[in-house]
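The following pair of complexes shares a single chain, chain A, combined with chain B in the former and chain C in the latter.
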Partner chain A sequence: MDFLGNCPQYIANGLANGCIYILVAMGFNIVFNSTGIINFAQGEFCMFGGLLAYTLAASLGLPLPLAIPLALASTAIIGAAMERLLVYPLRRAGALVAIIATIGASIFFKSLGRVLWPKEAYKVPEFTAGNISLPGATVSRQFLWVFGLTILSVTAVYLFFNHTKAGKAMRACSVNRFAASLVGINVMRMSLYSFVLAAALGGLAGLINAPYASYSMGLFLGVKGFTSAVVGGLGNTFGAVTGGIVLGLLEELIPGFLTVVLGVSTGYKDAVAAILLIAVLLLRPQGILGRGVVEKV
Partner chain B sequence: MLEVKGLSAFYGNIEALRAVDLWARAGRITTIIGANGAGKTTLLRAISGLVPVRYGEVRYVGQNITNLEPHRIVKMGISHVPEGRQVFSSMRVEDNLLLGAYLRSRRRSGGEIKKDLQMVYDVFPVLEERKDQMAGTLSGGEQQMLAIGRALMSKPRLLLLDEPSMGLAPLVIRDIFACLKRLHDEGLTLLLVEQDAQIALSVSDYGYVMRAGKMRMEGEARELLGREEIKSLYLGEEAVEGEEGGHGDKI
Partner chain C sequence: MIASNGGSGKKRGGSYGSPPRRPDWMGMLRRNALLLGFTVFIMVMPAWAVPLSKPLSIPIILTMRLVGVYAIVAVGLNLLMGYAGQVSLGQGAFFGIGAYTSALLTTKVGFPVWLGIPCAILVAMLFGVLLAPVLRLKGHYLAMATLAMGIVVFVFLREMTWLTGGNDGVRNIPHLSVPFLEITSTRGEFYYVWIVAIIVLALCSRLVDSRVGRAMRALHQSEVAAEAMGVPVSAVKKRVFILSAALGGLAGGLFAHLQRFIDPNQFSILLSISLVTMVVIGGMESVWGSVFGAGLITFLPKLVEALPRWLGEVPDWLERYSNYEGMILGVIIMLTMVFMPSGITKGMVDLVRWRRSSFVNPFRRKAVD
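Then we have the complex of A and B:
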């Protein structure tokens, strides 16, 4: 096997994973922007998306065009409930307290997932089964859905934040919460909306990440999504895109190189995210596209 | 128009405002002067719902608005230009102004909002020249104009201004106050907080003097300008500044 010959396949796989990471990373960004907290339960939104899609489509037998919106809406409601029951009551306690509370929520969601869906893995139906052969690579048809829905989501999120009144108000909260409340923006309402949006994006990531979903997938996707958000520049939509693609590609190319050229085991795939995160935090803490935190005194 | 009675507010356990009374009459410019740390900013923030009121009452056109949420108070017609301007620095100037009209429905009053935007541009032509720039790239004076313009976009009846002169060159301060005077002539009621007592009292109708969280003096602005103790304490001599240390010092 030669490394270069395998590259198209690595790149195709990397882009497919990268798309999922982008969706998760955007969820981190949206919540961070309007509330200033990192929501460590973001990965569990993916878990709910995937497992609810399984329950609705595979066990209850609903058609996919109905099951998917229902799974997304239910995940969004879980996000809203989390904001109202956990983040809202802690609004005066400071960001750090709220962040620690989201870790608690993540553990709770995961345990709940384990009770409701105890098996190690559930098969989430693909939108369209089968594979497509490209020169040098084979990709599943699902990949086209992943790619298309990611582009659609990124575009929608971008347009929402830059061209709608509600989106601009949410951005205003991230730029200056104090001034946002002065012009009459209900800052806590924006916090609620951000959790709804982030949960829906996370749910989407979880359910298009076919074919398998499990109660433990949240940690994995949460870490990858968080890494992508930080690598690209926390809070920045295009940063999430950059970070997700960089991480997705490196995760395929580096282990591929190690295995094929050096003959080392591929067990190191997940270490790539950790190393990338540490490297970016050391060398460019504001992220690839970040402009850094400017504080005027 | 606005009446504050026996208002007390705390920062932690420190009493920042002690039983403050204030009356801002409709159609007038009322000014609160006082040194740093006297509690002027806290008072304005308590009025707009940004700092909780522990005791006392804030009434606005006959209604009790004590401790209402900030967005409700904006909706009732009170707009607050904060200390240090607080513009949305990484957003366009025009978006800053439109966010000022956040609570007004675009469907019902879209035309009016456009008219008000043009009115703000007429008062501050420099904002129209820079409407596509990021607000953070404006000079201090321009940001102050933007903060005032943003506050006007909610169509307030009462405008609260916190230190509009802060950090600005004397010529710019004169411009800003000329604009405030013009807004007042068009029917807006102003409640102004200032360290620069000279310029504030010279445009005002009525004045209060605050010190260590309490109202110490009040009177017609012209009469206050003439009082000896005001002249020595707040007009000119900077030497007294150090006297006002914490919020709660006994004098």
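Then we have the complex of A and C:
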């Protein structure tokens, strides 16, 4: 099999994975903008989304149009609980404390997931089963849902931040939290909203990331989502879109190239995001779309 | 590096021709009371721990060997994270590199173990030098970059099957040894590991009180202020990073010869995260806190495993304890961060001081800012 012949398939898969990364990356961005924290438990929201959808739809037998909003709402409640119980008490703490606290939350969530859903993998029902044949590639129908829902979410987030009062208030927090509080914005409430939104987006990512969900999916999704956010420029919605697609495509094309042309194992795929993350952080820390300098003292 | 810097602060007065003062033995004893007390505690430990192991159904000495190994790497991480304020979520990478270096050199090349472990330190330091540019980053960015570093090393250990054997790991790694003597008994391994660990602890507790230690704490508070006071900020950060990599390599080398079987999954991100947990729970900016943290995290699973055997009756939910371990750990980390951000040992010490003087409040203190 030749590499160029496989390219359409790699691109299709890459775009589909990229959409998932976009949703996770937007979650990182929203929380970072309104609280200044990188939420290391963001990947675990995806795990809850996927596994709750499994429980509601496959185990309890609820119809999908009911199960999916319920799963998203439950994930959002978990996000809200995390904000109130952990992030709110730490609102004046330094970066290191916040990092370690969210890592603690991520360990806790992952272990909770393992207790509640102990099997290695659960099959999350697809919205519509079956495959579509395109010239040079075969994609499952689920991919159309992934594309559609991602475009919808990005648009909704964009409209929320630019055309609603709460969204504008959250953007004000990202510019300067203290100044935002001076003009009467309830910064702590914005922090709560941001966690709810980020958890729901993460839950959506985990739930459409069919066909399988497991308790251990959080870490890698989290790292990949963060990589996408950084590649595009942390805090920037369209940056997340660019970063997600770039990462999704690179992650298919580079290992594809290495395997087909050089005959290397496909296992290196897991390292692509990590290497890209280090490279971008060192060479262009403001991201591909970022303007200005992040921090220089 | 450690010895010369530790010594340079002590030279005052020597060159002015004043008569050499008599060594102050009592003062030295008092200053090193903790170190000496701990050394005595470790040396007599087998005497009471071996008879106790059976009734408690915890293999105390067997577990303590690993505590020693983790204490070495946790102290290194604490220098980097607690003292110099540079988060590393990839310390497991150096541990893994050290373990694989020594394991491969002794099994494939035929090096003796006492030569394999120094090589492990050297290779880990080399990787430390190569990866030191990540120290240009700060805060969250540094945390994520070091996490990525850990993932890359883990993936390469898993995939470079021609060298590392991939998921099959390296088997039949020889026992620890000193020249002409192989150490095979559990008690011998215990002493071997802890003598190394106590030397490391002694050097590190000297280091943190030296000029370099003060420089580390200064740059932790404010890099600009430290730079203005003449601290070469990036050079100090780099040196601490390489030192912590070296300690990681040393611990990894010891680990490989204790376990005698290693595979990449032992050095995944989970290891790095539990190392961070040891440092955080034990206490940032506290050499002895890391030892406590290492002990707590290593003994916690053994303790709860043994619990049903004490009770006789096994409740159903306790049987699969390993599942709950992460939940307990997560809760401990979160509570520590919210209520005692400077760590349990340091928080407790502050609590005692708070009873005496109202100026120190452990609950109000910001550990890091």
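Keep this in mind: the second predicted complex is superposed on the first by the 290 of 297 C-alpha atoms of A that agree within 3 Å, B and C clash if a C-alpha of one lies under 4 Å from a C-alpha of the other, contacts with A are read in each partner's own complex, and residues count from 1 in each chain.
Operating definition for what follows: contacts are C-beta pairs under 8 Å (C-beta built on N, C-alpha and C of every residue); 3 or more make two chains touch, one makes a residue touch a chain.
Remember, it's a predicted structure, so these values are computed and weren't measured experimentally.
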Which of chain B and chain C A:Ala179 touches, first, second, both or neither: first
First, second, both or neither for A:Leu262, with chain B first and chain C second: neither
Touched partner set for A:Lys168, first chain B, second chain C, both or neither: first
Touched partner set for A:Val223, first chain B, second chain C, both or neither: second
Greater residue coverage of chain A in the superposed arrangement, chain B or chain C: C
Chain A to chain B touching residues, read off their complex: 165, 168-169, 171-172, 175-176, 178-186, 296
List of chain A residues in touch with chain C within their complex: 37-38, 86, 89-90, 92-97, 99-101, 103-112, 114-115, 118, 219, 223, 226-227, 230, 265, 267-268, 270-271, 273-275, 277-278, 281-282, 285, 294-295, 297
Residues of chain B touching chain A in the complex: 48, 50, 69-71, 74-75, 79-80, 82, 86-91, 95, 98-100, 102-103, 106, 150-151, 153-154
Chain A-facing residues of chain C, complex: 81, 85, 87, 89, 133-134, 136-141, 143-145, 147-149, 151-152, 155-156, 158-159, 161, 223-224, 269, 273, 276-277, 280, 323-327, 329-334, 337-338, 341, 366-369
